[in-house]
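Take a look at these structures.
The following pair of complexes shares a single chain, chain A, combined with chain B in the former and chain C in the latter.
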Partner chain A sequence: MRRGATVMLARAALLLGLLAAWEAGGRAANPLLTVPPSAVLPALWDLVRLRSYPDLAASLLLTLREIAAAYGLAVLAGLGCGFTLAFNRLVGRAYGPILAALYAVPAVVWYPSLMLFFGLDAASKIAFGFLLGFFPVTLAVLAGIRQVNPQLVIVARSYGAGPLTVFARVMVPAMLFTLVGGLRTGLALSVIGVIVGEILGSKAGMGALINHAYGLLRTADYVALVLVTLVLVVGSDVVASLAERRARRWTE
Partner chain B sequence: MTAPSQLIAIEGVTKRYATSSGPIEALHDVSLAVGAGEFCTLIGPSGCGKSTLLGMLGGLTAPDGGRVLVEGAAVTGPDPRRVATVFQDPGLFPWRTTLENVEFGLELQRVPKARRRQAATELLGPLGLRGFADKYPRELSGGMKQRVAIGRALAIDTKILLMDEPFGALDEQTRVLMGEWLLDIWRRTRKTVIFVTHSLHEALFLSTRIAVMTARPGRIKTLLELGHRYPRAMESAEMVALRARLWGEIREESLRAMQ
Partner chain C sequence: MRDPRVPAIQAVSVLAVLAAWETAARLAWMDPLFVPAPSAVARALGRIGGAALAGLGDTLAKTAAAYVLSVVLGVTAGLAIGSVRLLREVLNPFVIAAYGIPKILVLPWIVLVLGFGTAPAVFYGTLHGLFPVMVLVMGAVRDVDRTLVTVARAYGATTWQLYWKVLLPAIVPSVVAGMRLGIVFCLLGVLVVEMFAGVRGMGYVLSALANGFQAPELFAATALVSAASIAIVLALDHLSDKLSHWRG
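== the complex of A and B ==
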């Protein structure tokens, strides 16, 4: 209890220190390029009242929908691909290494071709978010299956479990913790993919607003938009971490 | 014991394994019949095929030649209505509590939840696990884990219980106590037990019958009949002599296995 309070205090101190340094630095520098927190607050207030960007709600919704689509597809394809690679020895040996090698390529290099192929609208953002989210999910399935203690499978078989029962009663619970970790990483990367995609080139969504404010040197609005986006990202990760903690409770 | 009353019949069983250095014959023409209510122990040097034989009875391994019959029917796969197996590695499901682990087999047999919960709870007393129903395996000692695994096997109430070095990973003291506990359980439940061990003490203390196996390829070398007199006075002249004889048989095979 006391240690928890100390940790929170230390965090608050860091935050206050950074804000104070930012305020001091921001006042001293060129106001076009740098804004102090005291200038961000009014900008944020304007933003949430839909004064500075009336299409904030629509943009937020669009970005959220792109994330949902990208992540949904990443999970479906990642689970499908992971289990196919894990259960089919030939496929796994042929394509597993290729997958791991592709994961090492900085994914941003694919983005221009995604824009050329899918256009400037939502499809290219969904494709990029999907691409980033897909790998951690697939690799988590593969890692999770390697972790399953083979003795548990033998025990289940000796109690009459067929392949489907072994899968549902042994494999899934045994790999759940690893799997949920991969799903969480996948979500974070899908969010990053969609927002980066929007910033690199789009006509709508949070990334487009950020780009707009930044391009017109409306720095205070830009920081306010970044803060709103931050809430979105942190919020999605909090949801994911709650799911992870739940999985941890009934896993080892 | 006459043939029709035999619960388990192993007839001329052979088994070969393919290895990188050519095929290895694990079992060669093994025959053994075990009647209902016996506690039959398989003992022999490492690699003599004891566990392979047990795996065949449990339906996890198929013989290359010969037949394995349980209640007169050939074993074609795991049959949890007749046979339950306990392994050296207890293999408890870490995400299940003690009670849920004990219930596992009943769950696969689609026993209604209330009934299987009751059956598992009733077992906790004799297992010495009362008060540990809601603990997870990581919170249990080695001996307790193995008792949960035995409970899981007892819960499905089969006639036959196969035990593959169940106490092999436990320390000496725990091992002796677990042996005494198992004897008590066995005498109460009247199951037929096939038990694999490396321990002379365990074999002599528990068995109605001991089958000594030869070094690879494994065959039944000697059968010792000990009968149903319990508890065993391990220091009696008779037991000491039996122990010496048993050790003589095993020592010879172990030496051969080492060469």
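== the complex of A and C ==
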């Protein structure tokens, strides 16, 4: 108990120390390049009251919709692709290594082609978010299937369970742990994909606002926009972790 | 257990995709402005070959610098933090947060402070590669069998010997796994910086080609970077296989 208290105290002290260092460093540095937290708070307040960027709400909504579309497509395609490869041994052996090789390529190399093909609007961000989210979901299905105990499947079959029952009652519960983890990673990567896409080139969305503030050296506004975007990132992960915990409780 | 049908299917599939793509492009089902035929991409590769290779060399040099920094700093920090329980418990949430946060959000600020060119690319690449290595090493050090440490201490090992002779050899598999993971992250980071604020390198080449609507050249350059990164990862896999044989 006492050890836990010491750890929490040390964490709080470290956090305060970091903030204090940022404040001191920010005051000493060129205000165009670095701003202290005390300058960020008013900027954040202006941002939330829609003073500095009146289209904040619309930008947030656009980014959220891009994430939703990208992740939805990634889950559908990832599950479809994963189960196809997993249920067909030959296909899995042939295409699994190709998939793994493509996964070894840093995904951002595809982004310029996507931007050329889909344009500067939402479609290229959705495509990039999809691409990043697709791989973890597919790979989680493949890893999950390997964890299913074949004995369980044989026993269920011999007791007369049909293929659909085996799938829903035996395989899915046995692989859920891995599958849900992959779905969570997929969401995190889809979110990152959309944000990276927006920052590398866009006309609207949070990334466009961040680029605007950065380009005009409105550094306090830039930090405030980053904080708002971080809320979006952390919020999506909190939702995913709640869903994950729920699914795990259900399997136990 | 080698199935001779597997490589056959792989080869046929790749050829079929290329053939279908070529046919679709020739029949003008797709706008060649956006999706050029594979033959056009191959010709484009010949045209941009020299410039693209120079860009690739530049990118790989920055990646190598970022990678060395990531592995050295990641292993050192992971070893130091992972082996001291209080330090590990206090710092763990900070490390996880730094690992998880999309680093692209701080990229504009890094470019603002470090300018364009090599420094921000190496810095950002290191930022990407450092945390996966560090997190893996921290976990591995935590899970090292306590008996090993106790026995070494009982036989009078100094702290230096404990780290160098007991902990470091025990975590070699995790270090190798981290190195395998880190290289892709470093390359990713360097490419992102080059795309965002580059004046040289493959990321800059790619985004310049995209902005110039030079689709065949863009596809050729993309294929070149992809092939390079697949080759690097396969080489590291091969190396880690050899290392695990040597360790037994």
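We adopt the following convention: the second predicted complex is superposed on the first by the 238 of 252 C-alpha atoms of A that agree within 3 Å, B and C clash if a C-alpha of one lies under 4 Å from a C-alpha of the other, contacts with A are read in each partner's own complex, and residues count from 1 in each chain.
Quick note on the criterion: a residue touches a chain if its C-beta (ideal position, glycine included) is under 8 Å from a C-beta of that chain, and two chains touch if they have at least 3 such contacts.
Bear in mind that the values here come from a model prediction, so they are computed numbers and not experimental data.
When the two complexes are overlaid on chain A, chain B and chain C sit side by side with no clash.
Put chain B and chain C next to each other and count what each touches on chain A; the higher total goes to C. In the superposition on chain A, contact of A:211 is made with chain C only, not with chain B. Once the two complexes are overlaid on the shared chain, A:28 sits clear of chain B and of chain C alike. Once the two complexes are laid over each other on the shared chain, residue contacts for A:94 go to chain C alone; chain B is not touched.
In the superposed model, A:5 makes contact with neither chain B nor chain C. In the superposition on chain A, contact of A:152 is made with chain B only, not with chain C. Residue contacts after overlaying the shared chain place A:14 against chain C, while chain B stays out of touching range. In the superposed model, A:164 lies in contact with neither chain B nor chain C. Figure note: vertex chain A, arms to chain B and chain C, all at CA centres after fitting on chain A; angle 90 degrees, rounded to a multiple of 10. Here the smallest spacing between CA atoms of chain B and those of chain C, following superposition, is 10 Å.
Common to the chain B-facing and chain C-facing surfaces of chain A is no residue whatsoever.
Residues 149, 151-152, 154-161, 165, 169-170, 173-174, 176, 250-252 of chain A are the ones that touch chain B when the two sit in their complex. Those residues of chain A whose C-beta lies close enough to touch chain C in the complex are 6-7, 10-11, 14, 33-34, 90-91, 93-95, 97-98, 101-102, 104-113, 115-117, 188, 191-192, 195-196, 199-201, 210-211, 214, 217, 219, 222-223, 226, 229-230, 233, 237.
Across the interface of their complex, chain A is touched by residues 58-60, 78-80, 84-85, 87, 89, 91, 93-95, 104-105, 108-109, 136, 138, 152, 156 of chain B. On chain C, the positions that touch chain A within their shared complex are 3, 5-6, 9-10, 13, 34-35, 86, 89-91, 93-94, 100-102, 104-109, 112-113, 184-185, 187-188, 191-192, 195-196, 202-203, 206-207, 209-210, 213, 215, 218-219, 222, 225-226, 229-230, 233-234.
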